[in-house]
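Presented sequentially are two complexes of subunit A, the first with subunit B as partner and the second with subunit C.
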Partner chain A sequence: MKNYIIKRLLYIIPVIFGVCFIIFVLFNLVGGDPTHMLLGKHATAQQMEELRRTLGLDRPLLYQYFDIVKSAFTFDFGRSWNTKQEISTMIMDGAIPSLSVSLPGFILSSILGLIISVVVAYYRGRKIDTVVRIACIAGMSISSLAYILFFQWFFAYKLSLFEISGYEYGFPNFLPYILLPSIIWIILSIGPDVRFYRTVILDEIYQDYVRTARAKGLSEIVILLKHVLKNAMIPIITYVVIQLPFLILGALLLESFFSIPGLGGITLNALNSSDFPVIKAMAVLSAVAYILFSLLSDILYTVFDPRIKLK
Partner chain B sequence: MFGLKSIFIQSVLLSSLFLIGCTKKQDLTEKVIYNVSAANLLSLDPILCSNVYCSKEISRVYESLLEFHYLKRPYTLVPNLASEMPKVSEDGLTYTFKLRDDVFFHDNACFKDGKGRKMVAKDVVFSIKRLADAKNISNNWWLLDGKLVGLNEWRTKYSSKESNFEEVVEGLKAIDDSTVQFKLTKKFPQFLYSLAMTATNVVPREAVEKYGKEFTNHMVGTGPFITGEFKTKNKLVFTKNPNFRKKLYPSEGEPGDKEKGFLKHAGKQLPLVDKIITSIATEAQTRWLGFQKANYDFVEVPKDNFDQVVLPDLSLNSDYAKKGIDLMMEADLDTTYIAFNHDDPIFKDNPKLKQAMSMAYDHDEANKLFYNNTAQLAHGPIPPGIAGHDPSFKNPSKVFDIEGAKKKLAEAGYPEGKGLPVLTYEYKADTVGRQMADFFSKNMKKIGITVKTNGNTWPQLTTKIKKRQAQMWGIAWVGDYPDAENFLQLFYGPNSAPGANGSNFNDSLFNALFEKATVMQDSPERTKLYKELNGYIADKMPWLFGVHRQRIFLKHDWLDNFKFTVFPYGREAYLDVDLEKKAKLLKNF
Partner chain C sequence: MSSNVSETSMDLSDKMNSMINSNQDGTHKTKSLWLDAFNNLKQDKAALFSLFIVILYSLVAILSALGIFSADWNKEVGPSYAAPSMDYWLGTDIFGRDVVAKVIHGTQIAMSVGLVSSMIAIPIGLTLGAVAGYFGGWIDEVIVWFYTTFSSIPYIMLLMSIAFILGKGLTSVYLALGLTSWVTLCRLIRSEVMKHKNRDYVQAATAIGGGHGRKLFKHIIPNVSHIIIINTSLQFQIAIKSEVILSYLGIGVQGQPSWGTMIDDAKLELARGVWWQLAGATMAMFFIVLAFNILGDALRDALDPKLKGK
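Up next is the complex of A and B:
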């Protein structure tokens, strides 16, 4: 397993080269000229040239590409071109608010989703199953923006049950501000979660070993919880763990409407202002997080299914 | 003993209590202005901030030599850190300022013993050299670029090595501790406006050196409010500067100010409130709901909520008036337009084509659709409120006349649009941008012109304009200072892209007259010339002129002295909160 982990970690290297290449190409071909954004509406050709020199954008493309690779490997992304803030500090400051909304929402929606799925799998084909399936599809058909607009207006404004917006750093100061966004997160996630978990559980329920268990006289609930759920864990782990990197990156709309200073907003601002160092940092961070969490899911497979060996 | 029902009821009650405890109550023991910013703050360093959002926050802490009088209109410059308006030499090139001798920087660890020292002329010189320093990449350098004798040379000399701030620059001198002298390379009366802008705010060298690149997060100024380190990026808290110099609320304003209660605090020491809390809320619904919950003291009415608030006769809906909410509607200093790229031979020497397009465009309908019918139609580039705007001037092409437009189009050489290729209109890809693009395209179709619309991100759109790749695009210009020169320079040939003249209009007669106007002091002759230039541009039509927009605000009645200004820098020092009224009115929310 040790060799497998080392091998997978080494995969990060070509992936970073690839990610850097893609963002470099996108930045140079698709993104706007950052000097226009940085110098504003009065920029002159001379000022833009000076700035290009200062930012190192006049150097050969290969040098510029390797600069990106270097900062990706050292995790030193410097300062934002736009805000002049240190990017590592921006990420640290933004990750906490993002996680404080996404993590509780994610954990609760995963647990709730799993419980509901087990229940509907148990009552498969009956009224409760149909109702839950219809509710999930109906819930998923409504855009996330509609949920946010309505919940903010109704629960925060009309009923005054929550803060309309804002964020305070530190526990428990942030609690009043994350309650409503977390609830919305749960509602947004629960539909797809239940549908996925239900499908996975039902796939298992018709396996031969379940028939054998029934023949042995085990109760349906024991079969579900002890055998089916355990065997369904592999796709469930993949599904859950692969979502983890996106929790750190934040939920753009939720953060924006509830004025939560998370990473979603930082990324959006960077994209809107051609703030390349920040875009670069966020892209590299996502890629690395994705690899690490997919490795984690592989390791977790061996925990849930000892037959799996990582080589 | 306890039934399921009882447990359920208790749980619901407990949850409700918990949730109700989640919403905060306002503190009424001190005067606090609750402010909301519609955009994230880019920087709190004066030389790096170039938009109204960060400028508003910065100007609570930092100050400049001059400022706009809080009440007088038209906008009038008055001394701020200067003790009087500058003495201008006869040739109009040298400006000598005397500084106040009671201005001190805020107490901060950057100073000896943490005690703020007196501000002197060297601080002014240092602050302006910081703006000029190429290594600082200031987007405000355009303000002084080429304007002060020797400053460009100083900038070039130190562009790639450590700057020597002690080196004397001929055009920027500290004569003694209380005298600063500026020497211009050529006459430019608008120069004084740059000394009222945040980019030229005075900062102490000690703070810049102590905090280095982190200076943007440590504001150390001379202004009426102080603030701690900028850590929480979604909120700023400013407290009253206890050592602020004697600065009084003005005793005179424009006619009608007294009746409107704007002189109630005349002669009182500033600032009038104890604290300002600025929250950042980038979504219109968030700001709107927050204001209606009394979380913010004033708000700009979102376009989509206009009909809910303002009645057809432009008065306030009584539901809001009953709660003690006031409506304010004021003209902004801006012009919206559709620009034509004059690098394109189709537009270059063919004013009739552009006039035809203007006549095919339903200006009134656009005003209704996009500005709730509150904007003033623009007949030329110069907006109302500044010298050069002529309210009686009517642009003959600013009429919706399809038959007339068709006739003009034929005169332009494209009868029924024949021979004219498909034109491309670029827009910023948001909802309103898309609607405006479709509206323009639909209007042009009526006279046989086919317009393809193309959505862009903001960086893509600006890049296309600066690289002269866009053919037509919708945009607006908001005045940097209250002088028509700031609008007319958008047609000055040497300012062509990547400069501010994105439409690349280059007309020798216009250029000559503009050059003549820019060196003239404010006078009836200059105003006459501005009007002539406005008419000339209206005829040549480098733009399809849109509107001059109105700003529509709501404020709670407990907020006193809130007078609309296009330049709201330092405004909060003049505002007051009537706590008694607030306590009473808060019951309505």
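Up next is the complex of A and C:
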């Protein structure tokens, strides 16, 4: 197991180099000359040359590539072309509003999803199981944009139950602003969550050890909560851990609709203003977060499940 | 549990029967999987209905692409923001254009996005996955590294970046979706090919002198090709949903109606009580995504014997 963990740890290095290479190809090679976009059509050749030098785009491509790789380790992403702010500061400032929306929603939807799927697994094959399954698929088939638009219009605008949009920093102050976005987050993620948890629990229910437990005369509830859930927790924990990096990225669409100044909003603004360094930074950051958390989930998997033997 | 056991044994006898039948007919054995799957699917009412919806949407999309339906979506047919009525079933938009025609044109866009992105993703995923699984060794390591790298950038981030870099418009949507969605297929094909490459029928092919190319393309790939169908069905709905998000972000379809641009319009319309564009696009999208979801699940159950009885 020790060997596996060391190997797995070392593997993140070629993956980070690869991720940086994809971002480099996209933004430094295919992306074309951003000076056109920044200066407009009437820029002189000299102006463009100057801008290219200040942005560091005249340097050899290999240097530009290693700049991206370096940023993946130091988190120093340089300055935004648009606001001229230090990007790492922008990210730090945006992380709190993002997390204040995504974290409560994520925790509540995970717990709620788990409870629903245990109940549904208990009544598997019966009416309530079918109803929940259909509701999950149906709920997942509606565009997330439609949910956000409708909820914001109906509950915030029409009924005035919630703030329509905006954000305030500081603990109790932000609560009214994150309430509706968090509810929408829960509704959006409960469908896929329940579907996944249910499949995992049902996978376990047909195992031999469950039959043994039943033969011993244990009640269905004890089997489900004590035996099945314990085993099902392994893939469930992996699934939860792997979602954590997306919390950092924030809920892109929710933030844009509710004007929450989080990382999702920063990314969308950067897209609209062709702010390459910010988009690159967000791509690198989210990829590094994903790599680290998938490393964590793989290690958790091997630690918690002794059945898994890895070469 | 007991019902489960009897189910599997029934499946088995069914399978043996179909094998015997197909042998009597002189047809090839590989067809029995498809026949079996088709018979399973026929009994599943929800799946059949989903298939019907998919065919219906495809027909609408083709007729719209040929200019038979909704060719004049751009024409002013009534007053601005007319509510739904007998004349305009889903009302009109700000320019007095018929929302029904826009929904139909959106169907064409949505189905084409699913189709073209799948046609980009399938060759990449199939080739890389098959080669990695078949040859193993350093080739496998390189391909695994490649798709791990690709899937390390969160989907929405990569999708937005590619669409943004390629510029606005439908072509970038096709490419962005195609280039981001091959990884799942590649992974599945790779692990399936790994299982198949040492099976008897492949060894038999080696014994009669079949080369790598022949074994891989003639023997193994036809036996793992059901994965492509299952994956495409699920891929279609992801593509349709993603188009909507890209169009909302302003890096998607330009200058023609899509469900995404219609939902984006609704952002400003709802406050004025204009709900029909949102309703039309959402409903149109709901049925096709639902159908692909159900169909994908049913296909997996029907084609993947491992998962039977669960």
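The rule is short, and it goes like this: the second predicted complex is superposed on the first by the 282 of 311 C-alpha atoms of A that agree within 3 Å, B and C clash if a C-alpha of one lies under 4 Å from a C-alpha of the other, contacts with A are read in each partner's own complex, and residues count from 1 in each chain.
Everything below uses one rule, namely that contacts are C-beta pairs under 8 Å (C-beta built on N, C-alpha and C of every residue); 3 or more make two chains touch, one makes a residue touch a chain.
Only a predicted model underlies this, so the values are computations on that prediction, with no experimental measurement involved.
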### Query
After the match on subunit A, would you call subunit B and subunit C a fit or a clash?
clash
### Query
Where does A:L202 make contact in the superposed view: on subunit B (first), on subunit C (second), on both, or on neither?
second
### Task
Once the structures are superposed on A, label A:L149 by its partner contacts, choosing first (subunit B), second (subunit C), both or neither.
both
### Query
Should A:L26 be classified as contacting the first partner (subunit B), the second (subunit C), both, or neither?
second
### Task
Go through the superposed model and pick first if A:S141 touches only subunit B, second if only subunit C, both, or neither.
second
### Task
Quick one: classify A:H42 as touching subunit B (first), subunit C (second), both or neither.
first
### Message
For A:P14 in the superposed arrangement: first (subunit B), second (subunit C), both or neither?
### Response
second
### Which superposed partner A:L271 touches (first subunit B, second subunit C, both, neither)
both
### Query
In the superposed arrangement, which partner chain does A:F293 touch: subunit B (first), subunit C (second), both, or neither?
neither
### Message
Contacts for A:R211 in the overlay, against subunit B (first) and subunit C (second): which applies, first, second, both or neither?
### Response
second
## Note on the structure
subunit A contact set shared between subunit B and subunit C covers 30-31, 149, 153, 157, 271-272
### Query
Residues of subunit A touching subunit C in their complex?
14-15, 18-19, 21-23, 26-27, 30-31, 137-138, 140-146, 149-150, 153, 157, 199, 202-203, 206, 211, 214, 245-246, 249, 252-253, 267-268, 271-272, 279, 282-283, 286-287, 290-291, 294
### Summary
Given the complex, residues on subunit A that touch subunit B span 30-34, 36-45, 47-48, 50-51, 54, 79, 82-86, 93-94, 149, 152-153, 156-157, 160-169, 175-176, 179, 256-261, 265, 269, 271-274
### Message
Please output the residues of subunit B touching subunit A within their complex, sorted ascending.
### Response
16, 19-24, 40-43, 45, 48, 50, 134-135, 137, 139-142, 145, 159, 213, 216-217, 231-235, 279-283, 285-286, 289-290, 292-293, 295, 457-463, 466-467, 477, 498-500
### Query
Which positions of subunit C touch subunit A when the two form their complex?
1, 4, 145-146, 148-150, 152-154, 156-158, 160-162, 164-166, 237, 241, 244-245, 248-251, 259-260, 263-264, 266-267, 270-271, 278, 281-282, 285-287, 289-290, 293-294, 297, 309-310
